[in-house]
Each structure stands twice: as structure tokens, then as C-alpha cells.
Amino acid sequence: MKGTPAYEALGQALDAQRERLLPCVHCGFCLPACPTYNRLGNEADSPRGRLHLMQAVVEGRLEPSSEAFRTHIDRCLGCRACEPVCPSGVEYGTLLELARETATQAVPPGLPTRFLLKVLGTPVLRIPFFFIGRLLRGTGFAALGATVLPSYGPFRAVRLGLAMLASTRRWQPMDSKESMTGIADSGSLDISQKSRVAVLLGCVQEGLFRRINSATVRVLEANGYEVVTVEGQDCCGALHAHGGDLESARTLARSNIRAFEASGADLIAVNAAGCGATMKDYGILLEEDPDFAQRAKEVASSVRDVSEILDSSGLRTGASVPCKIAYDHPCHLLHAQGVEHAPITVLKAVPDAEVHVVAGAEECCGGAGIYGITHPELGGLIGGDKVSAVRACSADAVATPNPGCMMQIGAGLRLEASNEGVIHPVELLDESYRRAGFYRAGGAE
Amino acid sequence: MTRPLPSTVVSDLAEIVGHEHVITDPERLLVYESDGLTAYRRPPRAVVLPSSTEEISAVVELLHSNGIEVIPRGAGTGLSGGALTTPEGVIVGTARMNRILKIDVENRLAIAQPGVINARLTEATNPYGLYYAPDPSSQSTCTLGGNVAENSGGPHCLKYGVTARYVTGLTVVLAGGRIVQLGGVGRDPYSTLDLVGLFVGSEGCFGIATEIEIRLLPITEGVRTLLGIFESVESAGRAVTKIMASGLMPAAVEIVDGPTIEAVEASVFAAGYPLEAGAALVIEFDGTEAGLDLDADRAEKCCLEEGAIEVQRATDPEHRVKLWRARKKAFGAMGRIAPDLLVQDATVPRTKLPEVLAGIDDIGNRYGLKIANVFHAGDGNLHPNILFDRQNQNELELVELASKEIMQLCVDAGGTITGEHGVGVDKREYMTLVHGPAELEAMAAAKRVFDPASLFNPGKVLPDVEGEGTTKSEKILAMGE
Amino acid sequence: MRVDLTDSLSSLLPKEAFGFSVPSSLPAALRTDVETIIAPGSVEEVAMLLQWASERGVGVVPIGTGGHTYPRCPSDPFIVLTTSRLNEIQHYEPADLTMTAGAGVLIRDLATEMAIHGQWLPFDPPDVRNRTLGGLVATGLSGPLWAGYGQLRNHVLGATIVCGDGQTLRLGGKVVKNVAGFDILKPMVGSRGELAIITSATVRIFPLPVVDRLLVLEAADISELVPTARAIATAPIMPASVSLRATSNRSRLLVRLHGAQVSVDSDQKSLEKHTSVSFEVRDSPEDQSLMLEERGGGMNTELAVRVWALPSRIDALLDVLKQVPGASLNADVYGGSVRAYLPEQISDIESSLTGLQKDIEELGGTMRALQIPAEVNASAYFTKPLADEGELASGLKRAFDPQSILWGIG
């Protein structure tokens, strides 16, 4: 309610962003880049429209609790495709997070969202949560549920969730029965030149895609990097920030900053685009925190997507893995981090891998957290278009360096009974190195 | 306070387009209160988003039969307030009508709906070796319907002409929802008057174009792009005069001045211009590959003869993008150095450019306002950008006065008040600088032929008798209610 | 013009406005009772004249050099007004590439003046050099060079006109980009004397091409040339013009290329490669004007029609037209229109024309009579507008010529 301390605090949060909102000259260049505007044709579902609503809240013309404000801010995928095309350099991603914070403080989000964010941000809850997930996956229950459950009403969300879970299975050609660890042969690489790298394990990644984390460590080591362990690292806070729970995001950020500072690493390798984007923005997230502002900036400046690290110093060539791969850009790598070619370079470093960039790869897959569940129709439209584009490649597998995208595309393929595999680019490189005999056998995976 | 629509009208509209495409919630209508010219804002009574000619016709019929004014809107990127609503108006938006209906490669024609984005038409016809020539700077987002309404130009209209040259036929919805065909390739053009030519540039005041027949051009063999850095706008201008006088026919000639370069260099788009740069000149030639180096050499010579600090030539498509960067990012970069911006759009005979630019400089100094100029030097179309902060009441008035002086200066030099942005609401008060009462009455008479009850976009283009004497700042404040 | 009208006018206009003889090209119907025509010498005089005429309900037939067919004979009383004394070049700034001149200036005189500065007007409708600027703008005719330069309507930047009620309007301006208000100048171009009298116009002019090369291909029958012609019209190169000329015994494809020497050479090579054809080159201006003459074989006739269809259907149009024995054809390949000059000796002109019109319309085309012998009822062969367009055009007519005194070429 206007006039209450809570309202004053809200106004101030966005008010402080007046500087960030001012550069918007209302030119509309962002409209054609926006997946929701392209499909709905409604100005309120465009970046310009959303910024206008934020401006209206700041000016006091609109209540943050207003249904209009919340609906259209919610409907944004957060893909940030609008940022690269903005001639004024408006920091839409940051403003969206603040708008979401304002909106969720006025009206808290629904139970599913609150539950998920709580679980992901708390290791004690997270570990059993993903254990159950792996169980449902491993027993085939998830796959069964995705096939037999109907698609309407309450079942729709459950079916989608199970499909996403089932899709996280390893792609068969990558299925090495041997467990591997360590490097048998580092070739002629000069290790002393390379940096010490810490790897962010993440929450979803470690919970459902541990194989990607292991592959990440291996390929870095195979290319001569020293990988250091990081005690006390946590979920990066991306989903919390995207969802507007900036306080939790900040708490998680502080834990990670302490942990990565202590690790002594020169670079932080991230293999999840969403996490990489958030960590590179830690400086902005904690800009108001006098104790952490500077530290956050420094840690943020050492964050790289793993493909950026691999691409920067010449990739080692492994053995042939003949396959056709469709590559899709994660929004948080292409738009938010501006990384376009590095992951494709990683894929192309594999002999006999034929790599095609999916048509419309710059458009969001519709993953966006739990968008598919909160916005089933629109999410279905956007996701459906992505799946069609992927299938049009007639590839053996689709590669995309972000777990959320992998699950969204994977679920979509599965629900269309299409059997492309879904991988992270480092998995292919890792397989190529394995076949080339770069690794020692034995040890835990 | 905007008066809501009667509920019967709302439900009838919902029957035509579907309830999700009728917006009546005042909070949701806020995003439609401005187009690209944010100095003016007023939320409409409603917004309707039809998806076909028939839907547009039915919506217009319904609204007009209830005496409700229709305000057409495309992408809302216009710079003259053409899509600003009247107090009683309902916006009919074409954003959902985004299909290209037909590409006739043999006859080099396309038929498109008004919501098709300008650049997307070129993208769609490129595979056939064709493209759509008019390239306004907003082409990545502006729509064809808007281009028709404003008779849009763009840098390459120097050689290739404006929208009116490429629109060969129209399906329009007129007053009362009447669907009419105008023109069309293959018909005797003399069976009637050039109604297509009259409709193009009518700024949404005559009706809504729902299908646009467009002439396409073949993609040229090659292109050469040059960037000349000069110490002053004057020397850059002299280089342009030399180039045009030499009989060369460049495809585009653009200049950005010192303050603009400053803004670009201060922004994220910094292109590394030298500090002494007082003006940057972009010249482009296209056509038969064999002749292009010759043209570029001659242009380069003209630049050097007029004292260019350096002349760069693009060696590949990526380099070409880089050379254009200052020009293309200029508008956006302005947004970073001042809270508010007023963009003008006067055109003067090209030979008068140097004196007009000096005059604008003088006006800026006298009013203490920073003015950054971006212009289509080849055809004398200027865009002075006046930078200000609307929070300062005083500054608003100064901007208004400076604006008026700039207009007068351009008209006195034999020019006109708008070259491509249109009159809209923003330049109505200047119409009397270039038109007498008889001409204005003739335009009003033409409008009455198409829209006798004045239910399409009233309050645009032609000045109101009562409106005389209102200052822009008063208008802005009034619009804010 | 009748003596009583002359008396009334002589008090209004100076004596220089009188005493002009009627051009012999003017149709007979308009020459009856007309011994002299009025030639006002200024915009003000035109305005006074039209005001005078509209107050008295006297029809006004505007002419330039009088070379066009007037399909309807105005009812009595009427006067004929020529713009031939409005013949000043008012403003010519070569560096601005614009020129303003009175409606009565002959194109050939403009051309001479512009050529001194290396400039020209790239419009080539039939017999353009003998036309007036006002006639060109009022008829809105372009000619095949529109392919390379755009139609005339895109290059008329401004005009001073006098409406049927005597109101003078100054439309447009002198600048090449102008969207200040509704573009009523556009319907004035090509209004053919029905809305207003154009007293002066500002046009965009162009630098003369360095090289003006004519490529020629001959064949016995015009239809043999159509595939090559269409191939050129859809080639990546844009020639300045592409046209076909045919008489009963010979046909030619004529392609004009403009530009610098290296460009023109390269374009010619590209076209020859694209069409697998080798062209004859005619570079001398004398040769070129012979080739480009409007009516092949020096044909003199009072019977001519023009037909339009989508450019891709030009073969069908030519098939129909060449059936008329002795026809001389002139086709604009880019625009998909053909002018057909028909011998007057054809039996039963009316049924021939009706038959032609029917055949053309069956193809999805339209036909309009350009010239009709006096004894034939011409109005049947002028294309009717679509109903809605006609209504809008009538609305404009009422707005600009409320007393309906202007009798143009329709």
C-alpha cells in the first residue's frame, strides 16, 4: 500500500535504478528480438513495454502490486536478447531482476517457485532432492511418466517435469563403461603457462549432470590447466536472482565469493551459461554492499565460460567421434555474456564431428527457469519452435552449454518422441579425448 | 482521465479479434501512451490488435459507427507523434499482421501485411536476389505500414528514392470500414488519379493500409563504403558538394558532427575516432562491381582535397559495419548523455547546408543547448538532436524556442520542415511556415474526400486553429494528464 | 472562341495573351469556333482567367503544345488555354540538381540548358523533346527509362498550380525529400488537366551518363525476342531501359546501358552471358535516335492504343497485338506495357478496338486508347477506374474543380 514503509522501500529500490532506466529512448529496436513480442504483438510484452511499466512504477503512476505489472514482468523470459540490439546499452537484465524483486515483494510468488528456490539454495535440502530425481530417472519412472501421462490440466506440468528429468540421461554414444580420472598423457603441453582454474559445480548441474562437471575437469586438465577444488561453493544464485529473490542471491553470492577467493584460482570455469552470466554480474548484484562490492567485482572478472578458456589457448585434438551435432546458443551465453563462437570451436575441435548451428539459434528455447510450468502455452509455443528447428537439422544430438536449455529441449524432443541425444559441448570433447587414450582408468567418475 | 469504452463496444470488439487482443485495462494501456517521440504521452481508451484485413475493416466499422476515433499504430517507432492518441481515440495496432503474403520473383513484386518489419522484407527476398530499397535507420524494427504512412526515407534513398517510389498498389480500409483497392501493377495507371501516391505519406489520417504491393530491386553486384574523418563539418560538407558536383551518384552520403562523435565515443559503441574529429562522413557506392573502385577513388580524392584527416575504405562486410557504426548508433548514444532528446527533421537544398549548420550552431550557443547533428548530407535532410533535461522547466521552454528558430532558419534557406519523419503532432505548428491557408485548406479537402467525419487520426498534420500559440512545453505537460 | 467571350476577356488580360494560332495537332472537334487561343503570361493571369471562367461556367481546355487526344468535346461555351507563354526557367541550381521552370518551357529547351552543365531529365515518353514541361507533368508519362531512373512522379518536387476555381496553390518545394503535409502534388502529376492547371514545376535532374550505350538485337518476329527481353528484365543488372520495337517486317530488342566505361562494358558482358546472346552496339546519337524512334517505319496514324499487364505476361500481350496487320509496336519490357500504332485503314475500327479490348482483358490486362480518329466514339476505349477509385477521384475533382470547368485529356 502506498505510504507504508514497505512501499517506500520498494519505490527506493527501483528509484535507485532511475539512472539505469534513463538511457531508454523508446526507440523500439528491442521489439523484434523479443520472443514474447514476436508471438503476442502486444507492446506490454516487449522489452520497451516492460521498461515503460518499470518507469511508471518509479514515477508512482503504477503500483508494484498491480496485476498488469506483475503479469507482463513475469511473462518475460529473461533471455536478454534485447540487450545486444539496444543502441543505448540499457541494462535490461539487471532492471528485470530488480523489477521482479519489486513485484515479488509486493505479491510473493507461488508455492512451486518458492519451494524450488528454497531447495536449490540449501545444500541440506538440495542433495536429497536431486537424489530422488536421479532415482526417478535411473529407474525409468520419469521416462514412463513422460510417455503415459496426459497433457492437460494439472498433469501437463508433471508430465513436462518428468520429461525434463528423463531427458537428462547420458547420450548413448558417450556411454563409456570405464570410469575415468586424471590425465594419462598431457602431451607436449607446457603446464606452467596455463592458469589455475576452479570449476563451479552448481546445483542442478551437480545434481543431475555430474558427468558434465567431471568432463569439464578432465578436458581442462587434458589441455594443461591445473584444476583446483573449491570448498564451500554453493549454488550461484541465478535462479533466485532471475526470480526476484535478490537477497537470497546475494547470500549465495557471498558464500561463493569467499569460497573462490580461498581456492587460489586465477580463473573460474563455469559450464552452465545461466550461472556464468550471474557470476559475471556479481559486481552489480553486490554493488550496494560495502564489504563485498570490490571483492565481487574481482571475482566476477575472473569468471569464464569453460569454452572461453578452452578456446583461448588452442585446443588439443583427440580421436574421431563421427556424428552430426546441432548447436543451439543459450541466451545467457550469447546475449548476456556475448560468447558466440567459443562453444562451436570446442565442438569443431572433435575430428569428424559435423556441426550445424540451429536456425534461429539466437532465440530462446523457452527454458527460462520453470517458464514451461508457469507459462505453459507461451512456453510451449516458444519451445515447440526451438524443437522444430533442432529436428530440422536431422542431427544425432543437440549440444547446448546450459542445463536448463538441455532439459527444455530434451523434454520437447522426448514429448515429440524424437530420439536426438542432448549433450554439453565438453561432453563431446571429453569423449574424443577418452577415445584418444588421454585418460587413466580407475577412480570415481 | 481517459474515458473508458462502453462495454458493448468492448464485447463487440472482442467478438471480432478475440478478447485477448482487446486491451482496456488502464495499467496495460500505459505502454501505448507514446510512440518514438516520448515528449508526448497520452494513454488511449483501448488498443485493438487485429490480424487480417477483414478484422481491421470490422473493427473500424464498429468504432466509426460509434463515433470513436481510430489511431493506427505500427511498431510505434515514429518520431513525430503520429501514433499518439487523441483524448477519445482507440489505437488499432497492426503488430500482429506480420506476414509476407506473396513474393513474385518474376515480376519483382511482393505483397505484404502492414506489420511486416522493413528489414524482414529484405531478408525474405534476398534469397531470390532481390531486396527492398528504402532503409530508414529504424528498419530493424519499423513496419511497412508505418513506412507507407510516413513515406519513410533512409540513407540509401539518396540514390534509390523514398517509400512512395516502391509502393505500387494498396488495399486500404477507409472510413466506416470500407475496403478499397488502389493501384496495382499491370493496371492502366491513367484510369484514375495517383491515389496510391496520395495515400503514401498520409500519416494514418486517410485510412489503414492492410495489404501493400511493393516493387523490389535486384541486389547490386557490389558495394564500396568509405569513412572520411574531417576536422570540421564545413570541410566535410565541401567534400560532399565536390562529390555530388562531379557527377558521381553515391548510394548514401551521411555526416555526423563533433558532438555526435563525442556521444558515440563516450558510449559502449566507441569506434576509436581521433580526438580532432569534427565530423565523420560515410559514403557508399553500389552497382556494377567493375566501376566501384573508380567511384570510390574519386570520392576519396574529393575528401582529401578538402582536408580529410583520414579516409578509410571497407575491405569486407564486417569492416563495412564498423564504418557505419557511428552513424547507426548515434541516436542511441545520445540517450546516454542526456535525459531527454528532441530530434528534428528539416531538409534544405544541399548547397545551403554549410550556412544552415553554422546557423544551428549559433542557435545552440545562444540558448545554451547542446545540439548534435546527424544528417543525410547527400540530400540535405538534417537531424539536429537537441539534448536537454525535462525536469528543468526552463530548459523545456528554451528547447521550444530553439526548435522554432531552427525551423525558420531551414525554411528561409529554401527548405522544408520535415524530410522523412512526418508532421504528426510535433510539427503541426510549423506547417504555416511552409504552407499558406489555401494549401492547408486543399490538404484538408483531400482529407475530407477520404475521411469526411475525421475519425482517422484527427489532430495530426494540419494545424488546429485553436492550437496556435501553444508552446511545446505546455503541450508536453498537457499530454501528461 | 466566340467573339463575345473575347470581348469579355480582353478587359481582363493584356493583349499579348491573344492572337495565338491553334495548333494543327489539336483535334478538329476542339478547333470549331476557335480562332484564337488564350496564352496567359503569368500565374496571376491564369488565376484570373480560371476565376473568370468558373464564375461564368465557361469550360477551359488546357493545352501545352496540343499534341494529345482530347476524348470529350466540352460543351459550349469553352476556351482553349495554352501555357506556352509560361516559358521561363525560374530557378536552376546545377549543384542542387533541381530546376524550376514554367509549364510552357519545351523539354528540348530545358535539355539544351541542362546539357551545358552536364545534366539531363531522364524521361523518354513519345516525342518528349517537343512536349512542354507542364504537359510532361500533367500527363505523368515516363517512358522506358523509368527502369533505371524511376518514374517522373518521383522526381516532381514541387509545382505551382491553379485550381478550377482560380485558387493558386504552391505545392511541394525545391528539396528532394519532403513530407510536410498530405502529398496532393502526387495526384496532380498525371491529373491530365482535370484537377488544375500546372503553371510551373520543380523537377529533380540528373547528371548525364558518361556512356550511353544502345545494345540491339534483331529478329523477324517480335515474339522471338521476348525470352531474351524477359531474361534481361530479371537479370541482376539493371539496364537504364529495356524495350521492344516491331513493325510488320522487322523487330528489335533495345537495351540502354548508362554509366562509366568500365561499368557499361561489364554490364554488357554480364547481360550477354546471362542471355547467351551477342548484341550489336549502337553508340552514335544519330543511330540511337533512329532506333529509339517511337513509331517504327515512320508510321503516321491517328489510331493508337496502349495496353498493360503484369510484366511477365508481355508475350501474351504482344501475341494479341501483332495480329493486327500493319501494327507498329513499342513495348516497355520492365513495366509490362505496349503502345500499338495501328493503321487507320483497318476495316471497322470500332469492332477491331472492341475485339482487341476483349482479348486483352481476357489475359488479365487493360487497354486504353491513346489516339482515336475523330469519327470514332473514343470514350468506350478509355479504361474505367474501379468503382471505389473512381469515387475517390471524383471527390478530388469536386475539391479542386468545384464548377467542373476543366476539360483535360481524361
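Letters A, B and C mark the chains in the order given here, with residues in each chain numbered from 1 onward.
Convention: a contact is a pair of C-beta atoms (placed from the backbone, for glycine too) under 8 Å apart; a residue touches a chain by one contact, two chains touch by 3 or more.
Nothing here was measured: the structure is a model prediction, and the numbers come from that model.
Using CA-based centroids throughout, the chain positioned farthest away from subunit B is A. Across the assembly, the chain pair joined by the most C-beta contact pairs is B-C.
Annotation: 66 Å between the Cα-based centres of subunit A and subunit C. Separation between the centroids of subunit B and subunit C, computed from CA atoms only, is 32 Å. Subunit A and subunit B have CA centres that are 39 Å apart.
Across the interface of their complex, subunit B is touched by residues 22-32, 37, 41-44, 46, 48-49, 52-53, 56, 61-62, 66-69, 72, 85-89 of subunit A.
Those residues of subunit B that touch subunit C in the complex are listed here as 104-108, 129, 150-151, 153, 157, 161-162, 164-165, 178, 180-182, 185-195, 197-198, 200-203, 205-206, 217-221, 241, 244-245, 247-249, 287-291, 294-295, 347-351, 376, 379-381, 414-423, 427, 431, 434-436, 438-440, 442-443, 445-450, 461-462.
Taken together, the subunit B residues at the contact with subunit A in this complex read 21, 23, 25, 27-28, 30-32, 34-36, 38, 47, 49, 75-77, 93, 95-96, 98, 115, 117, 120, 138, 140-142, 267-269, 328-329, 331-336, 339, 341.
Contacts from subunit C toward subunit B in the complex involve residues 93-98, 118, 140, 150-151, 153-154, 163, 167-171, 173-184, 186-187, 189-192, 194-195, 206-208, 210, 230, 234-238, 259-260, 262-263, 265-267, 270, 306, 308-313, 336, 364-368, 382-386, 388-390, 392-393, 395-396, 399-400.
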